[in-house]
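So that you can tell them apart, the chains are marked A, B, C, D and E in the order they are listed, and the count of residues begins at 1 in each.
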Amino acid sequence: MKKVGIVDTTFSRFDMAGAVMDELNQLCVAKFERRTVPGIKDIPVEAKSLLEGGCDIVIALGMPGAEPIDKQCAHEASLGLIWAQLMTNKHIIEVFVHADEARNEKELAELAENRAKEHARNVYRLLFRPDDLRKMAGTGQREGAPDAGPLRR
Amino acid sequence: MKKVGIVDTTFSRFDMAGAVMDELNQLCVAKFERRTVPGIKDIPVEAKSLLEGGCDIVIALGMPGAEPIDKQCAHEASLGLIWAQLMTNKHIIEVFVHADEARNEKELAELAENRAKEHARNVYRLLFRPDDLRKMAGTGQREGAPDAGPLRR
Amino acid sequence: MKKVGIVDTTFSRFDMAGAVMDELNQLCVAKFERRTVPGIKDIPVEAKSLLEGGCDIVIALGMPGAEPIDKQCAHEASLGLIWAQLMTNKHIIEVFVHADEARNEKELAELAENRAKEHARNVYRLLFRPDDLRKMAGTGQREGAPDAGPLRR
Amino acid sequence: MKKVGIVDTTFSRFDMAGAVMDELNQLCVAKFERRTVPGIKDIPVEAKSLLEGGCDIVIALGMPGAEPIDKQCAHEASLGLIWAQLMTNKHIIEVFVHADEARNEKELAELAENRAKEHARNVYRLLFRPDDLRKMAGTGQREGAPDAGPLRR
Amino acid sequence: MKKVGIVDTTFSRFDMAGAVMDELNQLCVAKFERRTVPGIKDIPVEAKSLLEGGCDIVIALGMPGAEPIDKQCAHEASLGLIWAQLMTNKHIIEVFVHADEARNEKELAELAENRAKEHARNVYRLLFRPDDLRKMAGTGQREGAPDAGPLRR
């Protein structure tokens, strides 16, 4: 059985890990290992540690704030996640929801929940259904928002 | 026979992989390995994995959106692709088409198709015709757009 | 007994290391190793050296200035801290207080003290109480400022 | 005899490699290995490969465009060149000429030629005349443009 | 006896290496190894080479220009210096003086000289007097400019 690592933060304002576990449980991927760290810049080393400790993939859940410094932190964390993947040869699916992506707290919570669930399905596909991803190539998928769809020629 | 890895995304709105394979098939480079990942930041580790699994070169196909966050994701992915190359000593040809490079969906699709095909020819040249590239040095080639040509003195 | 590394700077205008040690002493984490370097860009290698020399975690204390060049230095230091973590598989908790985060010197000093102490508690939790962090996941914690709290749906 | 690697691009609009070879031939550094790649982001891995394949130094020739995306590509390539150097412990002399550094094509071509030639002399000095560089330290050298000269106190 | 590596550039408009050596000679740190490279982006690999060749620490001296491209080069060089430190576990003290930090050439030369000398003392402290640095922690030191001092509460 494959094991999915989940890393989330105390900084985040929504329990995205719960949404991920709900979704993966429905898909019968039952084995998780979850770690919580203070902020998004603490995620990369935790994710790497999970991947080296037996997880096949990690889902990284963060909710950066709306200020320029928050954007910079998210950028640094993203680079760290890419390095961690290259050092372990495994995927880390980044699910970041920026505080300024929605108009109010209710919409932001919905966005966070939906994006987390849709990316949980991506984790499932990467592990068990690579052909499903191949069929979706170039179709303009958007996690947590309406899909853009393929270009109309 | 050389093997070409292809990595594309479900985020992209055009099947650039199809265009690449058409072009490479015409050039009789018949052996491919294709992987689809959710977004461009998932490409670097997948490309590295292909290169370490026997591919001689990888072509990385992405279509970042038009927002600042999309530009940042593309930047992060590009850095990841450069690291992956340095870690494997093999080329990854990045073919990114930005959503704001064309005026409408039709033109964007044409740009994506043309750039993908022209870069497929670059892949072919890197593998089999390095002398052709040498002859084209300094001639202002532009993939998917009219060539700039050499400077007029 | 776990050992906590502390790295601070002569550039900083507040003794955050004192605040960290006060807090950790109250939590009975008595074993420290402290190093002071000139500026924040000197922290990453010092932190890595502490982690490789037996520390279980490092807390990195910096106070970047308000100018664009200071922001850039902080960005570079942050990236270095992420690399150092990935190279050692241990956490470095970054506590940076930007000179323009407060309206005057008094408030800046309070912010620095509070953020340092709150992150000292994060260090404690990462070492000894990972379950406490898990319970705080998604609750909008903010170190040195009022917590944002969970999103209201 | 030392061997100089040269990497240039088909994107560039001027044959800087020719200028480099002319200059190095005059300085009697006769042994070259030249590779051409499509764009500047393809240079780092090619340069690393040359350095690991026996070249003592590489000169990297690129001509980024004038758009923000071109600046970003140049930035990414520059970072890649620095990593490649740190991984091989050898120098890669970057010669990038930005399309917006001159007022017209004629001036841009002259700039490209002059900068390439002046950096070819830097390559020669790094390989054979480190003392010449030491004497030039702090003298405000500018490749392809009038030297700034030492500060007047 | 400890050995201090010095790397400077021909691009710089002031002989900061001279100032460093004067200062370190007064402090009786007599053993140097000095290398001059063309520009700041050439410093990281040279510094790494010195550290791996026996130097205990390196001081990196650069004077980036005032244009955006110069700022970007400095950023890239700074990242390279951080990587080089993490790869060698030794300090590289970066002394960059930006061309737009002073109002005229005379002031810029004074700034360069003072900053180089003050950082030479930091090098000395890191090698021989870590306790002195510890006492200066949080005191708002500024190299080449009046110290900011500790925050007034």
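Criterion: contacts are C-beta pairs under 8 Å (C-beta built on N, C-alpha and C of every residue); 3 or more make two chains touch, one makes a residue touch a chain.
The shown structure was predicted, so the numbers you read here are calculated from the model rather than taken from an experiment.
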> Quick one: which chains contact chain A and chain C both?
Replying inline: none
> Roughly how far apart in rotation are chain B and chain C when fitted on CA atoms, stated in degrees to the nearest 5?
Replying inline: 145
> When the centre of a chain is set as the mean of its C-alpha atoms, what distance in Å lies between chain C and chain D?
Replying inline: 41
> Taking each chain's centre as the mean position of its Cα atoms, how many Å separate chain A from chain B?
Replying inline: 25
> Considering chain C alone, which of its residues make contact with at least two other chains?
Replying inline: 79, 83
> How would one label the connectivity among the chains shown: line, ring, star, complete, or other?
Replying inline: ring
>> Please list every chain around the ring, with chain A first and chain C second.
In response: A, C, E, D, B
> So in the complex, which bits of chain A are touching chain C?
Replying inline: 8-18, 34-38, 41-42, 44-46, 48-49, 52, 69, 72-73, 76-77, 79-80, 83-84, 87, 105-106, 108-110, 112
> Which of the residues in chain E end up touching chain C in this complex?
Replying inline: 71, 75, 78-79, 81-83, 85-86, 89-91, 93-94, 98, 119, 122, 126, 130, 133-134, 136-143, 148-153
